[in-house]
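In structure tokens below, several structures.
Across the two complexes that follow, chain A remains constant while its partner is chain B and subsequently chain C.
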Partner chain A sequence: MFEARLLRSSILKKVLEAIKDLLTQATFDCDDNGIQLQAMDNSHVSLVSLTLRADGFDKYRCDRNISMGMNLGSMSKILKCAGDKDTVTMKAQDNADTVTFVFESPNQEKVSDYEMKLMNLDLEHLGIPETEYSCTIRLPSAEFARICRDLSQFGESMVISCTKEGVKFSATGDIGSANVKLAQTASIDKEEEAVVIEMDEPVTLTFACQYLNYFTKATSLSPQVQLSMSADVPLVVEYRIQDIGQIRYYLAPKIEEEDS
Partner chain B sequence: MGILGLSKLIADIAPHAVKEMEIKNYFGRKIAIDASMSLYQFLIAVRSEGAQLTSVDGETTSHLMGTFYRTIRLVENGIKPVYVFDGKPPELKSHQLNKRAERREEAEKELQKATEAGDQSQIEKFNRRLVKVTKQHSEEARQLLKLMGIPVVEAPCEAEAQCAALVKAGKVYGTATEDMDALTFGADVLLRHMTFSEARKMPVQEFHLSSVLKGLELEYKEFIDLCILLGCDYCGSIRGIGPKRAIELIRQHRSLDEVLRNIDTTKYPPPENWDYEEARKLFLEPEVRNPSEIEIKWTDPDEEGLVKFLCGDKQFNEERVRNGAKKLMKARTGTTQGRLDGFFKVLSTTPNPKRKAEEEKKSAANKKAKVGGRGRRPK
Partner chain C sequence: MTTRSQKPKSSPESPLKTNKRVESSWILLIKDGLFENSNFNIITLPHPAHGKPAKYALDHIHNKMYELVLFSEPYRSWFIDETVKSDGNLLLLTPVNPLFLVLPRLREQCSSRAVPLEDLLSEKGYSKLLDYVTNIDLIGDLKGPADMKAYKYNEEKTLAWLEGRVKKLATVLREKNIHVTSGATSATFVASNIGNDNIDEEIYLKYAHGMVSEYLQDDLVELLEKKFHFKPDLIESIGKKRKSEATDISDPNKKVKQESNGVNGDSIDISINQSYTEVKKERPLSAKEKARQKAASGTKTISSFFTKK
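Up next is the complex of A and B:
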């Protein structure tokens, strides 16, 4: 028996909004510790890793580890049926081939349940090596979303370069070029609005704007976003979800063409 | 012509070995393309009002049109194509080739009949059957590819075998062909529908030899025997044994020799002088050029050369040719998107536990059937 209850459905709704454009289907791995989801997009360029800890749920019970393959489009449709303030409960029997979502309105007057068929998915689990990153940048998530949106008008790819002066985002294309520089915030009054850069070595990497724009769909989950970079390894974009977990996106950089 | 009914058999028995992908997922991949196969495709498919495209003096240009635009489509999707051309056909194939010649003659007769009767749809049908890739076609295609900056590899013998060798050596990611024998030649990744027109919106089918073998529960050598039994280009097959029976027999007896020893040859007579051992050898040790000696290099397209070659007599639109050359050029500059597979290791592919249970049930049932069978299972 698996049962997980969240007081506010909005978290789950936002999580789904944050992944459903990248992934069409994914497996939710549930065990004692909570819910995990790890999946690559079809072209194996980006990876989503989602963790929702058991202690972040209002009620959490998982007698036997279960993996539920879900069609994220269908799941999103179901979650759209829930009000933002509704309580949501996910339920599944051991070895079940369906999962049930129960929505309860705050005054308990309306209870709706939706059953969804699970899918038979076999997915590749990727081992993500522990990496020490040369640069980590924390900035307001809305700011990051804005930069990605603005720069994607100029070109397909965006260069992120981090030096001790600050971080620079740039794009070049047919109409011209665009540069956005962010310096470290001098005094931190509000932690949520700060730009904090930790750097051991300067790094410059190129990424596809399209994917970054998919990642920023998670903006509403967290006021801050953290970017971690090292030369020649994937970028990590992390959004912490308050009290319950985090969502991490990995994105393979674009590489200079070797002459062949 | 490939292996008779193999793709259907795989789809039935090992559906997980086939993946459907969008063409854009192959960005950055090097792909070996069986040239004669695709030229044939173009001659059949690239037509206007049922007739092949021709130059001023009536020479066919369908193959050039296809090669030009469909290669550009691949390149625009970030794919790096290598075309592999056939050399001389292996001796074993002569029988098959004779048969094809006979069929052409028949089609020719039918065409005459249809023309006399004035039946348009029939004329078209037999016209298509008469299509043949000539030396001149492939020579022109070679010239065109060279101008486009696309590498060409000359196979000493069968192109599929050479493609497979390139895949095995890691020179390319996979081979794009419609013929299933690339798998029999040991190519680990076979891509179908790669060179189809964009308008058809056909997803690319990706076959992995390792998952095919796993799905069919066969070793590679047993798989070759299965292909021979199904019917290949190099020797005949046993009449009355269809795909279903073929896989059963191979699974039970594990080799063609044992199959022959165990089946009732009066009921299922093998072809006279059946040279399946030679065919098997041809699949295992085909005549190919050593992949490590082959240098595959993409170069800048020659825009002026393309215009000179395609426009004028061959009646291509100059503006479109120049546009195409620009597209090729654009794809050469800039960066390539990396993949995560290169950075992270696949720890495990976990099949869904439920499905695994089902499969186990199935294979248990199979084992029972084997015990009940009359043959012993040599190992």
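Up next is the complex of A and C:
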């Protein structure tokens, strides 16, 4: 028997919003420690890794490890049926072929349950090595979303370059070029609004704008986003979800053409 | 056999699509006989495999149907006498069996009931095909009186007919010494050890099946494939064999190339695997997914960075 209860459905709703455009289906791996999801997008250039810890749930019970393959489009449709303040409970029997979502309104007057068929997904899991990144940048997530949106108007790829002066996002395309420079915030009044750069050595990498825009769908999950980069390894875009876990996006860098 | 000729636009009702710009002429290779035929016309019909519009030509004198094939390459122009024609596309007319075009309609309309041929081909320009279609009893059963020409789709017959087509094509491929294994060879290259003689018959069949499949709907392709019982990795294994031979000969060259590109063997392997799985899926991609795939181009696969568990 698997049962996980969240007091506010909005977290799960936002998580779904953050991944459903990038992934069509994914496996939720549930064990004693919580729920894990790892999946690559169809083009196999990015990877999503979601962790929801057991202690973040109001109630969490997982007798036996269970992997639930879900169609994220369908799951998102179901979660749209829940009010933001509703309590959501995910339930599944051991070896079940369906999962049940129960939504309860705050005053317990309305209880709705939705059953969704599970899928058999044959997805491979990748081992992600612990990496020391040369650069870690923390910035307000809304700011990052804004930069990605603005720069994607200029070109298909975005160059992120981190030096000791700060971090520079740039894009070049048919209409011209765009550069956004962010310097480290001098005085930190509010931690959420600060730009913090930790750097061992400068890094410059190129990424596909469209993918970064998919990642910023997670903006509502966290006021801050952390970007970690090292030369020739995937970028990590991490959003912490308060008290329960985090969602990490990995994006492989674009291979720079020699003639450009 | 063929003449290179420049044809003025003859039928305004069906203007040919050229790439982007509208041109008043195009280059078309046709048979001599067709050239004498003053009113052979070009019609638009849905392609039998995917239903998108395609161009066909009808020659009523020889009672033959042709498919218009466009060969398009960037950076190509034609020199005609003293002038340059910037549109370098080359159009070819290749004979096509009209039965292939009738097949999807027959499958759609006549799988549970018999429909007279005239009604079946009454819309969307199919009516012009009526005189060209013969042997429809190869893919369907005649029901009712003979003069009604009402047919019902028969899958067994169809598959038998297609099987025959594939086998016939395979024989022709072998006779004409067409290169069917994976990897490229120059047409003028005569290999002493890899002659076409020791190539398995099945590879010819598979190649022919691929050619015929271009005119069939996906589900029919699968049914036909089952009929032949192809070994799944036939082409792949041949490809590997050829490759290993090539490395024996040009090993030092290959090393240089690898170093200069900075590409390691692993990533090559991955790309091969990936293309194989893509073929397996054969699910049409939505516009969104296509856009994403375009955005992903030039990016390494993420699995080349992380180890598989």
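By definition in this document, the second predicted complex is superposed on the first by the 256 of 260 C-alpha atoms of A that agree within 3 Å, B and C clash if a C-alpha of one lies under 4 Å from a C-alpha of the other, contacts with A are read in each partner's own complex, and residues count from 1 in each chain.
One rule holds in what follows: contacts are C-beta pairs under 8 Å (C-beta built on N, C-alpha and C of every residue); 3 or more make two chains touch, one makes a residue touch a chain.
In this text the structure is predicted, and so the values were computed from the model without any measurement.
**Q** Putting chain B and chain C on the same copy of chain A, do they fit or clash?
**A** Verdict on chain A: clash between chain B and chain C.
**Q** Considering only touches as defined above, state whether A:Phe101 meets chain B (first), chain C (second), both or neither.
**A** After superposition on chain A, A:Phe101 lies in contact with neither partner.
**Q** In the overlay, answer first, second, both or neither for which of chain B and chain C A:Phe2 touches.
**A** It touches nothing on chain B or chain C.
**Q** Looking at A:Phe169, would you say it contacts chain B, chain C, both, or neither? Reply first, second, both or neither.
**A** A:Phe169 sits against neither chain B nor chain C.
**Q** Is A:Tyr250 touching the first partner chain B, the second partner chain C, both, or neither of them?
**A** A:Tyr250 contacts both chain B and chain C.
**Q** Once the shared chain is lined up, is A:Cys209 touching chain B (first), chain C (second), both, or neither of them?
**A** So A:Cys209 only meets chain C here.
**Q** With both complexes superposed on chain A, which partner does A:Phe57 reach: first (chain B), second (chain C), both or neither?
**A** neither
**Q** Of the two partner chains, chain B (first) and chain C (second), which one does A:His44 touch, if any: first, second, both, or neither?
**A** both
**Q** Once the structures are superposed on A, label A:Pro129 by its partner contacts, choosing first (chain B), second (chain C), both or neither.
**A** In the superposed model, A:Pro129 contacts both chain B and chain C.
**Q** With the two structures fitted on A, what stretch of chain B runs into chain C, 255-263, 291-299 or 363-371?
**A** Of the stretches 255-263, 291-299 or 363-371 of chain B, only 291-299 runs into chain C after superposition.
**Q** Can you pull the chain A residues that chain B and chain C both touch?
**A** Residues 40, 42-47, 124-129, 157, 208, 233-234, 250, 252-255, 257 of chain A touch both chain B and chain C.
**Q** In the complex, go through chain C and note every residue touching chain A.
**A** It comes out as residues 274, 289, 291-296, 298-309.
**Q** Can you list the chain A residues touching chain C in their complex?
**A** Of all residues in chain A, those touching chain C are 40-47, 124-129, 156-157, 207-211, 233-234, 250-255, 257.
**Q** Sort out for me which residues of chain A touch chain B in the complex.
**A** Its residues touching chain B are 40, 42-47, 67, 69, 95, 97, 120-129, 157, 206, 208, 233-234, 250, 252-257, 260.
**Q** For chain B, which residues are in contact with chain A within the complex?
**A** 16, 21-22, 24-25, 27, 80, 296-298, 332-355
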